[in-house]
Amino acid sequence: MEVRIENLTKTFIGRKGVETTAVNHMNFTIPDGKLVGLLGPSGCGKSTTLYMIAGLHKPTDGHIWFGDSDVTNLPPENRGIGLVFQNYALYPHLSVRQNIQFPLDNVRFAGPFGEEQNAVVDAKHDIRTTEHDIDECKKAIKKAEAAIVKAQAKKEKAEQREDAVLAEECEDAIKHAEAVIKSSTERIPNLEKHLESAHKCLDEAIVNLEKAKAAFQELKEKDPEAAKEKAKTRLSKADKDAIAFEMAKIVDIDQYLDRKPKELSGGQQQRVAIARALAKTPKVLLLDEPLSNLDARLRLQTREEIKRIQRETGITTVFVTHDQEEAMSISDVIVVMKLGVVQQIDEPQKVYEEPANLFVAKFLGSPAINVFDGEIKGGKLLLNGKVFDTDKVYGKVDRKVKIAVRPEAFTFVKKGGLIPVTVKQVENIGRDINVVGHVDEQPENHLKVIIPSELRDEILGKEKLQFNPKRFYVFEEEGERIK
Amino acid sequence: MAEKAIKLPAVNYDDIRDKKVIGKRRRISLPQWAVAWIVLIPALIFLVLFMFYPIINAFFMAFINDFEFVEGAGSFALGSFFKSLEEPCVNWNLFHPDVCDMYRRMPSFGFNNFVYLFQDAHFPATIANTAILVIVEVPLTIIVSLVIASFLNNIKALKGLYQTIFFLPYVTNAIALGLVFNMLFSHTPGGIINVIITALGGKPVNFLNPSAYEYWVGDKLVAVLPPASKFNQAIVIVTNSVWSGIAFKILVFMAGLATIDKQYTDAAKIDGSSGFTIWRRITLPLLSPQILYITITSFIGAFKMYSGVMSVYTNINGSGFYFGGTEGYDWMPVVGWIYKQMDPSSGNLSKPGIAAAGSLVLLAIILFITVIQFAVSKKRVHY
Amino acid sequence: MAELYFADEGALRRYKAKKIASSIFLYTFVTLFALFMLLPFVFMLVGSLTDAESFDEFTKTANFELIGFNKWSFSNFEAIFSGQIVNRITGATEARPSFAQYYLNTLITAVGSTAVTVVTAVLAAFAFARLEFKGKNILFTLLLATMMIPGELMVLTNYKTTKSLDWEYTFSALIFVHGVSVFYIFYLRQTFQQIPNELYLAAKVDGVGDVGYLIKVMVPIAMPTIVTIIILSLMGAWNSYVWPLLVANGGWKYDKSYNMQLVSNGLMSLFNSDIAKGLDAIKIAGSMVVTFPLFVFFLIFRKYIMKGVSRSGIKG
């Protein structure tokens, strides 16, 4: 199921009547069957967005589409979603089995001939509305005719008095009324046609219903068991048990079905929560910070587990996280948000390699991206007054800009590097070496460079080093990307 | 997509949707405020009728001079007020139906009921009685419970059994136990307390009986006991109330002690402090929230004492309004006095205005105590 | 406890001796006090099982041979439950209501008022804890304020209202007038508020409405609190005295020959009756009979009661 967010806005009214916009005119589309991570710092509106998709929060403006249907005003239980909460929200008084089965208690089927019955109801409704429309049209015609007569008389009077303005007004009124008559008369045959077909539909539906009833009666006599099966409007206990077992197997907790939630570890509780969310076979699975309550080791494991479950079930999944590593590692698509506004939507690698703005560049990657001050003068990009980029001609306006380089995107040069660095500290972390310091003349901009450990001897004990960037980004002071 | 697709259960989600389910099953969802008021209705009916309204009504009753209920005017005080304005006659002459034998005094608002209270021969004394009993009882009960709770906290074996024993008074009937206390403190030779006193070589004591008693053992007149003094009666009342009051307090203190981290006391032990020092310097301050809570609730509760005092006299006079002495007023508490004014045995409330005024005085005392205690406790309690 | 280390053997011995001495002191004190607590019960047991005349003799002579095991008799209980009291001292006999009748009346009242109280408390606490509506805070503050107000203030009007409603000498007066307890609403609301909000949202996603959530989730989770409320309410009804004395101290409205007194009032009228004069043992047996059911109840639900009372912090 494709999920489309259209112009979505949510404003909360606070205690003193102060409005805060949690989500601001958001637009994005979540492709069918993908695992999407909503990523952003806390307070960026990602949970609000998730709750709006779930139907727990009502948007102030905008629409949410599941496939072709607009679900904006649908209550949560009718949206076909499964939701996993940050603290799992398992019912403490119910066993694992009962927790998984809880959503199924409200599942209702149409019954033995519910489809047919619904068709009859729909047809009747259709007839009623069409008849109403025809009536309205006829009334409109009558009203317009009366208006014409009145306007005609008024017009004659006006002409006698040689009141050109009034006459023209009357003429306009007549024209308008005539237009109404024309459109209504044109509409009526269409409506009548529709009414006819609706009546046919109803007849057909009634016949179908009768047939279905007869068929069901027949079935009842022939095969009472099957009839019983067909007549059920709720899931039977056996069905529910089967579903619970199936779900438990998917998330690998089938051996704990009779335990209470508090007898399970955090990771197991998490699985139960996922199983419960899956039980109703949702079209969209929503996860709110699914890993934040787990310890580091379990987090890694569960992360993979979620990925596996999503792949195996193929359910469109949206999850919210503030942990960029988590988002990067399992998402098919990442939506980066800041203060209720989407910053970038793309595959994780793309978001990392081609950040849309300085915020995204800074938010993704660990250690964080290095940012230092540069300037554009005469279309040239300068760092500390020296030309930094020879390839590109920048705009004519001279201004200050930000240059950003990822820690791993530096190459060490012995001489003539573009980035002169003053070293504060060298950390040896096995495979790599971290050089911590700052770009010359910019002591306030903290810098971290990762270089392979073979270069250890070359840099050890030196206070000044020179680097060239493998890849770099240029942003406006306000954060907009230039290169 | 999935290499190894899992077969999900055969629930077709489209069937679950409400719109596919037959029309009449569609749920109507009410807004939350409507649900709230609907579920509040049962409680509100009772609250308004039997709580809010009586409270407001009590104020009217207290401030209508010499208020009395007028026959057929219902329970609303102003109803009686206006009815007596309309029909000032209480008694029509039997033989001359238009001659009134007795007129009602014209109703008016004022402080007559309160004036009556403080001119009454007994009401001011009931306040004093209650205050004395409260001041003795409450601290004594709290100290005893605190000591026992601390002791119980320091033992391991049989702790549960002791806890159960000390809790028993909580589930006993006050009137039933009052009788037992009366008999234990009986002035007769069979009174267990007197048996103990005489066995220890003391003179027998008349604890409760309002008349003098010749104390015979066999054929020997041991003593002529004078009528029970107020002090002797108070011993029984206080013993009874301590006995029945400690159950709850021990429980609350034990619960409080259980929450105190062992680290604090262990740390003090390593410093070489003695058990009593630890108790006084560490346990007590950490228990101060519970002590405050108990103190406030006990003072308020104790000022409403009635059946605890009344019950020890039931074997002497079981009218429910006898509180010792020849007149029955020796230790009458405020609530006892209020009930006596109502005099339910008459089938009507005889002095409702005065009883209401008395209740308002009681309310004022309770509010006063509460305010004082909160003011004092702000400085004293460690949280 | 942290392990303590001692400089030498002597210090260790002194420490141990001190510990033993202190625990001897603790146990002695606690045991003596426990005996004081148990004394009334022992007296009640012995007195109620002693023949009435023997007991009367005992009160005059303090001859302990007259009471206890050698004079073991169930005659007092027979009198209490049959209602046929024979005063062999004065030679009078009287047929009084059986205590079984008082039991029944009290049970009806206790169960009825508990049911009403619990239902109103659960619903109201649900509204205060879970639902948003205008005036919620004002109403709740108003409720809390009433907890301060002494019951005597309300008794007057309630008595009159009961008369106006024509409820005198009916169980309605006993059950409905105290059909709501602000304290229980408050207590339950606190329990309800501890249930995380996510459970509510989860239930909403599963298609469970507000009332469904109350029944399916909140009530089961708050069950320990509700059980506590039920127990405290039952106990309160069992021990109630003043209100029943005012409105139902006699025959039932619809059948005056049916005595509708509750246990406390029945006991009190036994104490006051002429026939029981001098029959202290029978009075004690009456007290025993009133106390005993609650004892059994307490021993069965000991954990619930003690936990509930210490958490709720009220006197039932």
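Per-chain numbering from 1; labels A, B and C assigned in written order.
Basically, a contact is a pair of C-beta atoms (placed from the backbone, for glycine too) under 8 Å apart; a residue touches a chain by one contact, two chains touch by 3 or more.
Predicted model only: the values in this text are computed from it and were never measured.
S.K.: What is the chain whose Cα centre is as far as it gets from that of subunit B?
M.R.: With centres defined by C-alpha atoms, farthest from subunit B sits A.
S.K.: Count the C-beta pairs in contact for A-C and for B-C, then report the pair with the higher count.
M.R.: If we tally the C-beta pairs in contact for A-C and B-C, the bigger total goes to B-C.
S.K.: Could you put a whole-Å number on the gap between the CA centroids of subunit A and subunit B?
M.R.: 60
S.K.: Centroid of subunit A to centroid of subunit C, CA atoms only: how many Å?
M.R.: Computed from C-alpha means, the inter-chain centre distance equals 58 Å.
S.K.: Go ahead and note the Å separation of the Cα centroids belonging to subunit B and subunit C.
M.R.: Once rounded, the distance between the two centres reads 14 Å.
S.K.: Hey, what residues on subunit C touch two or more of the other chains?
M.R.: In subunit C, no residue touches two or more other chains.
S.K.: At least two other chains touched by the same residue of subunit B: list those residues.
M.R.: 29
S.K.: Taking each residue of subunit A in turn, which ones touch at least two of the other chains?
M.R.: 75, 78, 280
S.K.: Mind pulling up the subunit C residues that touch subunit B in the complex?
M.R.: 1-2, 4, 22-23, 26-27, 29-30, 33-34, 36-41, 43-44, 47, 58-62, 116, 119-121, 123-124, 126-127, 131-134, 136, 139, 142-143, 146, 148-161, 163-164, 176-180, 182, 185, 209-211, 214, 235, 238-239, 241-242, 245-246, 249, 263-264, 267-269, 271-272, 280, 283-284, 286-288, 290-291, 294-295, 297-298, 302, 305-306, 309-311, 313, 315-316
S.K.: Under the definition above, what is the set of subunit C residues touching subunit A in their complex?
M.R.: 196, 198-199, 201-208, 216-217, 220-221, 223
S.K.: Under the definition above, what is the set of subunit B residues touching subunit C in their complex?
M.R.: Residue positions touching the partner: 27, 29, 32-33, 35-37, 39-40, 42-44, 46-47, 49-55, 57-58, 61, 69, 74-75, 77, 148, 151-152, 154-155, 162-177, 179-181, 183-184, 186, 188-192, 195, 216-218, 243, 248, 251-252, 254-255, 262, 266, 269-270, 275, 293, 297, 300-301, 304, 306-307, 314-315, 318-320, 335, 338-339, 342, 344, 349, 352, 355-356, 358-360, 362-363, 366-367, 370.
S.K.: Contact residues on subunit A for subunit C in the complex?
M.R.: Spelled out, the residues of subunit A in touch with subunit C are 51, 54-56, 75-78, 81-83, 85-89, 91-94, 102-103, 105-106, 276, 280.
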